[in-house]
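Remarks on the structure that follows.
Chain IDs A, B, C, D and E follow the sequence of writing; residue 1 opens each chain.
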Amino acid sequence: MIVRPKPSTLRLFFILQGSILPTIAPRLLMIAALATAVAAVHHFHPGLFGDVPVAPFTLLGLSLSLFLGFRNNACYDRWWEARKLWGQLIFEMRSFARETAALLPPEEAATRQRLLYRAIGFAHVLSARLRGENVPAVLKPWISETEFAATATRPNPNNTLLETSTRELADCVRRRTLSEFLFPTIEARLTSFSFLQTACERILNTPLPFAYTLLLHRTALLFCVCLPFAVVGAFGWFTPLITALLAYAFFGLDALGDELEDPFGLTQNDLPLHAMARTIEIDLRDSLGEKDLPTQLQPVNFLLQ
Amino acid sequence: MIVRPKPSTLRLFFILQGSILPTIAPRLLMIAALATAVAAVHHFHPGLFGDVPVAPFTLLGLSLSLFLGFRNNACYDRWWEARKLWGQLIFEMRSFARETAALLPPEEAATRQRLLYRAIGFAHVLSARLRGENVPAVLKPWISETEFAATATRPNPNNTLLETSTRELADCVRRRTLSEFLFPTIEARLTSFSFLQTACERILNTPLPFAYTLLLHRTALLFCVCLPFAVVGAFGWFTPLITALLAYAFFGLDALGDELEDPFGLTQNDLPLHAMARTIEIDLRDSLGEKDLPTQLQPVNFLLQ
Amino acid sequence: MIVRPKPSTLRLFFILQGSILPTIAPRLLMIAALATAVAAVHHFHPGLFGDVPVAPFTLLGLSLSLFLGFRNNACYDRWWEARKLWGQLIFEMRSFARETAALLPPEEAATRQRLLYRAIGFAHVLSARLRGENVPAVLKPWISETEFAATATRPNPNNTLLETSTRELADCVRRRTLSEFLFPTIEARLTSFSFLQTACERILNTPLPFAYTLLLHRTALLFCVCLPFAVVGAFGWFTPLITALLAYAFFGLDALGDELEDPFGLTQNDLPLHAMARTIEIDLRDSLGEKDLPTQLQPVNFLLQ
Amino acid sequence: MIVRPKPSTLRLFFILQGSILPTIAPRLLMIAALATAVAAVHHFHPGLFGDVPVAPFTLLGLSLSLFLGFRNNACYDRWWEARKLWGQLIFEMRSFARETAALLPPEEAATRQRLLYRAIGFAHVLSARLRGENVPAVLKPWISETEFAATATRPNPNNTLLETSTRELADCVRRRTLSEFLFPTIEARLTSFSFLQTACERILNTPLPFAYTLLLHRTALLFCVCLPFAVVGAFGWFTPLITALLAYAFFGLDALGDELEDPFGLTQNDLPLHAMARTIEIDLRDSLGEKDLPTQLQPVNFLLQ
Amino acid sequence: MIVRPKPSTLRLFFILQGSILPTIAPRLLMIAALATAVAAVHHFHPGLFGDVPVAPFTLLGLSLSLFLGFRNNACYDRWWEARKLWGQLIFEMRSFARETAALLPPEEAATRQRLLYRAIGFAHVLSARLRGENVPAVLKPWISETEFAATATRPNPNNTLLETSTRELADCVRRRTLSEFLFPTIEARLTSFSFLQTACERILNTPLPFAYTLLLHRTALLFCVCLPFAVVGAFGWFTPLITALLAYAFFGLDALGDELEDPFGLTQNDLPLHAMARTIEIDLRDSLGEKDLPTQLQPVNFLLQ
């Protein structure tokens, strides 16, 4: 995620970082080259492209804007939902720490530490799985050797971690260190962790319908390819400029939608999962009374990951 | 569901799979043929179609885009809601497995296995009913002969499965192997299964208002039929091209809306119910400690069902 | 609700049932007649209407499309919310049946039958009140004579039914056949019934702001009346055709919004309340072990009510 | 709120009540007068206004429609949310009556009457505060003299009423007439009352951002002032007509947004708070077994307040 | 937040306060100067800019309006969500006060006072952190010296306050002054405080995707720079006027989006956090029976902070 103050109007045009421009540059240059060629041909053979009226292109362009707008909205909703899910994870983790602190008696201090460390492990594993990173590596520091051996080989390590925690809590109920009436309050946190994991998996595994993406990609490209022919009669040598301006807006929104569609990656507009998992680690270890806490991740060159 | 990496700009035009193109090809060819005929007639009898202005068509086309956009939004919302419901089903199933593991004592191991197998059966039956597949066949492996005989003939097998499970849990309460205070925690899962089933039935049984679909189908078709007459004066032999381009966008969105409206089918943009039911089966059997787990369904030729 | 397979492109134009066309036919014919008159006058007195430019009409038409789109969206949301509410009623009823089966002991079988019959009566009464049908007639079969006499005269029979059920459940708690801890689980169902009733009453009693409807009706009509004068110069005898096409789209969406605004009626696009109340009746009587169940309501001539 | 059957097409134009027309009449007449003046000047000095093209105005007009549409949507959402909140208040009140009837024993009948009367008072006070009416007057009949003296002077009487009721319920728990396990079920109703009060206060106290309103008001006015100059060349003496038509749509939507923004007032499109508070009064007194119930408020001249 | 009655049509144009105009004045003047220069050049060298058609600019302008509209919607949603969160905080605080009053016995009066003072501190700290103000200063008056020393140095003071409160409540459970069954009812309030804090942090820390903002800023600026060249042929010396009008709408909406994107600041359209924290302080101290309550914050020069 790009974190920076709003740039001034002037600097606006010299920022490449966080911009969608590098992604669409090839397509944009291709269209500009085509428009230049069309302008050149028109200059030397003026009558060749006839007198194409611009109205049907306006219609097509507006329909395209409308559909791009709707797709962008859907992609932004996915991105914002993903952010909400991770925000909720932070909140549930804090409540988990707070409630275990209050409800488990001092003799269960070791249990509580295991529960909280496992929860930190849960957050790091979730982040690693969503980003295709090394899961065992981020899990190992947070649970015992035995548990690690039994967890890392299971089909869904996140789920296995929660199963172990629920079982530890139920054991507390059995040895009467946790009241049966208060068990559901804590268990509700673990259920939320599971909900948040499944919801993140949903966003990761289910892209927008492919036909939708395909239809918009194709229509946007066809539109930009046809445009120079339509406007060259009126704009002459300004054709590449106006074509590039429109192509910038259309390709830019299209590519931005692609980026937001999968909000868990490592590109510049993706969510800072590492930083959020670190926040969880700090808050839970602070709640355990540890003093040697890691620091918050800071943006590097305005980029927070 | 089509699962594939974003294709390059060039390959974009040669992908048929997942595309809406095959569905709308007949209509598209019809319109292109009409436009060619109009262009030919215009070529040989230039004055015949008069000098039709394009502005009212722009207006009609834009209104149409707007309404198509709204309908597409509604259809996409149905598709995404259906995906959310199945995601929630996976989550509730995992919580069900986790909580029964923790709260039922070892002497209820057989009860727990029956509960989880029945839950797997619930997921397969729900998938089969939503897709019009053979319900008894997918249910038989997961429950006893007696229960199968009593369940398969009932009007709503999903509901009957849940009734049996709730009764088994209540029996545990009666023989004091499950605490009265913890019963509601587990029962809440079964209630969620029921909620998710009813919500899926709602999406399956309630299409968008028919008049809405009819109005848009008709207006889109009338628009594309009238268009060649409006643009032939200006575009001449390019009329079929521009008409086909606009018809592609309008028919494509219309047909895509139709596909997303019923998200449970077997077409290329439908949800992978089989794969999700398989995920549930793996997670629950893993939670039972089984070792010989089935594998995740993989996309065949990019298509996951 | 119209339930039918998607018609082929050709048949599309010969379907009247479920279409909004009959509703708007008078207005449409009026506009077509006006457009024909304008075309005739223009034909014989060409200069009379001057050379009216079409651009301001495009602007007005597009603004109108936009506002119609927003209103349609709001109306569709009401319709879909109403469908969700009834879907939730089916789910809550099934959970009510399941939980009373598990939690009430055999000696309360008669209580349970009264509770479920009363719940069926609740659904039929709600449907009848929302449709302005005869409430006592649909209530009578489901409760005792005495209770009927005490209920039918109260200002809000639905509410009275729930009060009686809550009281019966509280009596079970008092005679110790239902645990105090499990009472809230069942009571939560009755609370949901009450919520769903109130939400349906809200949709029934609160139309869209009248000024909104009025503004759109008036603007749509004025637009269609002015349109022929604007396009007659360019279209000549085709004026009635193009006017009717646009009027069809605008009046159609406007009238469809009116229909969806009140989703509980008996028109072709309204929700099938009778069929859904019947589903509840079947599921609850099946849960009581009854064998002689009524059949699901089937669409008559594609129309399900 | 205006409650009336849909008027026929013809009568549509003669309805003033509920229409936004009276509100915007001054602005509309001003614009029409300006347009007439412009048309007159143009008639006598044809060349004066040059040949202004209409396209930039189309663009400005469409952008304006779009932004007006978004603002209207936001205002309608506020109005509909307010209606939902009051609908939920009715539902929570009914559940409060039902659950206190079932769970409080006969010896607490006097407590129950006090609780329900206080709840009725809560509804009337909320309505009065939202409408700026006399709070003590509507509260006095529902609580004792002593309580009235202690409540009316507090900064937030609604809140004080709830505090008293929670305390009475907790007293029941202390004297063992209400079970500790069932207390949260009833207390949840009071919490909902508090939630609904705070949500209504939010809508009342937080208008749309002022800059938003200002920007749209100004742009709409500037647009309508400039429009006659742009169209007079083409429309001549029809300029006032077309200008007024567009100004009617824009000013109308703008003013309607203003009305819906604060849904609690007494204007024609506001919510019928008095009628809804009366519904609550009837339902709760009916639940107390009272016979001499007030009647539902009826619309006076189609207007329900 | 600007709080003022709707101004009359005439005064509308002389209000600067709350307007977005001062923010965008530099950009607006720059564009107006450019447009004036273009008009001047055109006046003296009429043929220089050729005969640029306005249609592609209409298309670009409309696409831009559409995308601006979507972004504005997203920003407004953030602003309104933030307002809802603070509204919910007020509600949860009131419920916390009400429930502790009823459920804690008189011997825990000192505990209750500490809990409520700490809750007031929580609200002030949250407000200060969201606005980047001095956190220790607003926290100090509400907790003891010892607790202050232990809290102010922790990474997340809000969280630490909640941990302390949960622990105090759990202590009440241990010394049997609060029932185990009623503990979850009060603890649910603290969990809500935590949820609201995390949600506010989410809005504060996660701006809209930077690429989105960048794309719109750039396109809006490029559009306004190109516009004068496109319209100068037709408008001549009116070019600056029409350009400024459009630039006012586009820059205005863009800048307003920027302001609403971060709703916690101190600019004129931001939320009145100080006033809302004061409301919480008044309500909680009133609930403690204090008499010397502070007064509600009032708008200063129509501005409430």
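The definition used in the following text is that a residue touches a chain if its C-beta (ideal position, glycine included) is under 8 Å from a C-beta of that chain, and two chains touch if they have at least 3 such contacts.
As the structure is a prediction and not an experimental result, all values here were calculated from the model.
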Listing by label each chain that touches subunit D and subunit E gives none
Through what angle, to the nearest 5 degrees, does subunit B rotate to match subunit E on its C-alpha atoms? 145
Mean-CA-position distance for subunit C and subunit A (Å): 38
Averaged over CA atoms, how far is the centre of subunit B from the centre of subunit C? Could you give it in whole Å? 24
Multi-chain contact residues (two or more partners), subunit D: 55, 58, 62, 66, 181, 184
Based on the touch definition given at the start, go ahead and assign the chain network to line, ring, star, complete or other. ring
Residue set of subunit B touching subunit C in the complex reads 26-27, 50-53, 55-56, 58-60, 62-64, 66-67, 70, 74, 154-156, 159, 162-163, 166-167, 169-170, 180-181, 183-184, 187, 190-191, 194-195, 197-199, 201-202, 206-207, 209-215, 217-219, 221-222, 226, 258
Please name which positions on subunit C make contact with subunit B in the complex. 1-4, 6, 9, 12-13, 15, 18-20, 54-55, 57-58, 61-62, 65-66, 69, 72-73, 76, 79-80, 83-84, 87-88, 90-91, 94-95, 97-99, 101-103, 179, 181-182, 184-185, 231, 234-236, 238, 242, 245-246, 248-250, 252-253, 256, 259-260, 268-269, 271, 282-283, 286-287, 293
